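Shared between the two complexes below is chain A, which has chain B as its partner in the first and chain C in the second.
After this line comes the complex of A and B, so read on.
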């Protein structure tokens, strides 16, 4: 039968158990699909940039499209100062996008539907952006917590609110990606279960829903990768161009 | 009564325009859903972070339950601030 719709998210070990210093470092299906996504990106970009034709072939065209897409996104949101961070944001965008897209294949595992994966990425971005901000501006970076033009009486209150707003960034960044991916995949599985339980007579309606939802999910997979990358750019912009 | 030829072609053009418009709308709906979800998580995450900070400070200073209440409201304010900022940013992009 169709089984539990949440079963697709279960993590299980592949191969021998690896335990280093009390920390379980075994290779799981989640790690496997991360490796697969990374390998697909590497192969795709390697093939795409191998020939460097003036009139690009199909693969080269798509690879160049990704490049210009990310480059334009960075220069639009964070300005020219953010150019040195292009490699990081490009890898981030490609990794999230390909993890989402590989997760759309049947029988695969969606890495980004686990909060621990998205939270670690978001925390890494959050800490990195904070360090960049302090490195560029020193203690003046703390002035992002103090908006200008606020009456002195309200200043302590506003500062606390700003700090909470700043600390909520990694949470909203990670929860958004994780919740979108998990909700979408659970919904797909539930509709897939309906198809089987309603059988040949009534199964056509949920099946058509399933097809439509798959299209929507592919859109969401791309959109969430884009949102993840663009929010990173916006946070980077706050850290690089300090003005209020 | 016969419908003049001129009217028929105009009707055709108008109908195709409506069709195009609705197609455009359904394309845009996907991105609106994305931004709606964006705003929702902005609000909820700030409330959650504020409440967690209040909870931690409460157990540090032994002032249960006052700080968690105060920080819940501060978190809500921060969430609304987040939403307003995101909305401003989206309006600028339009």
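After this line comes the complex of A and C, so read on.
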């Protein structure tokens, strides 16, 4: 069992089967780790905002750092118009980050390593951004596909490319996160398997690799959450500030 | 990197054909997709609302409070600085005034003193002059008296000498005439 690096991604039911209208909505290990990640975020924020100190404590300082980090990211990429979307981007960033980080614990499950999870988030962002774009600019929003300053000959081609790139946003956004998380965890598992199979004599090399990879994966976990959030900001910027 | 990884996965899948059936990606098994989507939406919605309604305003409040506090503190500090600078200026002004006053007092007292000295000097000089005149007067008087005294003494001495030498008593008036004649000749030499 331990030898299959894909085993860690399998979803199984926990508790009774929940079936609503013929659809299986059972609580699974994936659901469990979503709840755990969300609970950690909420506990962390609760502790971080419990005491309103002028000179912050450790947890409060970290909570405020997250706040200012995300706030700065949004104002840098999408400007002041994106302020109403700050709670969403903050929640998104925290959720992805904590899901990734919780997934780094041994025997845990990585929620974001499932394409369906990342795809739903990406699709939601894509649809929401498109709605925001049309709501703010009407049919003018379509001009996002027609970049200014392009020679007339190239314009049809460029427009087609722009449309394709726009439509592939949810795919690229979701696959980037999913593939990164899956690849990292698979690799960790593979090297972990090598440590076992090579035994006491040869296992040291893959073990050191595993240690290094764990560090790298923690970096990737943070980086992918950041990339996910910043790309959302960039898409939002396109929708809010047409022709920047 | 990803190719390398895929190669690895494939290698392991081939090696352990026991698990070949499970070697596919569990992510692509649609059995629990609906469940995952449902729980994701549920959990994220709860997370979103509790963060946006409860925690973010709290953090924002706290950050704003801190910023305001810092601003106020800086303002206070600036005010205090201004106040102390003004106080310093005041103090310097007082010091300068005092210095001026000192110089003024010095000059005043000096002129007063000078005047006093001058006055006293003049007074004393006048007194000295007066005394000088008095003394001169006394001297002249004394001179006058002394001349007549000398005449008398000389006359007496002359009559005594003549009497002793000749045993005769000379006429007093003739002796007086002789003395007066000689003294007239010589008195100018001494007085």
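Everything below uses one rule, namely that the second predicted complex is superposed on the first by the 237 of 244 C-alpha atoms of A that agree within 3 Å, B and C clash if a C-alpha of one lies under 4 Å from a C-alpha of the other, contacts with A are read in each partner's own complex, and residues count from 1 in each chain.
In this section, contacts are C-beta pairs under 8 Å (C-beta built on N, C-alpha and C of every residue); 3 or more make two chains touch, one makes a residue touch a chain.
The model shown is predicted, which means the values in this text are computed figures rather than measured ones.
Asker: Touch test for A:102: chain B only (first), chain C only (second), both, or neither?
Answerer: Neither partner.
Asker: For A:116, decide between first (touching chain B), second (touching chain C), both and neither.
Answerer: second
Asker: Comparing chain B against chain C, which has contacts with more of the residues in chain A?
Answerer: Chain A has more residues touched by C than by the other partner.
Asker: For A:179, is the partner it touches chain B (first), chain C (second), both, or none of the two (neither)?
Answerer: In the superposed model, A:179 contacts both chain B and chain C.
Asker: Quick check for you: in the superposed arrangement, does A:82 touch first (chain B), second (chain C), both or neither?
Answerer: In the superposed model, A:82 contacts neither chain B nor chain C.
Asker: One more residue to check, A:161. First (chain B), second (chain C), both or neither?
Answerer: A:161: touches chain B, not chain C.
Asker: On the A-aligned overlay, A:52 touches which partner chain: chain B = first, chain C = second, or both, or neither?
Answerer: Second partner only.
Asker: Both chain B and chain C contact which residues of chain A?
Answerer: Of chain A, residues 179 contact chain B in one complex and chain C in the other.
Asker: Given the complex with chain A, which residues does chain C contribute to the contact?
Answerer: Residues 1-2, 5, 8-9, 12, 16, 19, 22-29, 31-41, 43-44, 46-48, 50-52, 55-56, 58-63, 65-66, 69 of chain C touch chain A in their complex.
Asker: If you look only at chain A, which of its residues touch chain C in the complex?
Answerer: Chain A residues touching chain C: 3-7, 9-11, 13, 18, 23-28, 30-31, 34-35, 38, 41-42, 45-46, 48-49, 52, 54, 56, 60, 63-64, 67-68, 86-88, 90-91, 94-95, 111, 113-117, 120-121, 178-179, 182-183, 186-187, 190, 193.
Asker: List the residues on chain B that touch chain A in their complex, please.
Answerer: 30-31, 34, 37-38, 41-42, 44-46, 48-50, 53, 71, 74-75, 77-79, 81-82, 89
Asker: Within their complex, state which residues of chain A touch chain B.
Answerer: Touch residues, chain A against chain B: 157, 160-162, 164-165, 167-168, 171-172, 175-176, 179-180, 216, 219-220, 223-224, 227, 234.
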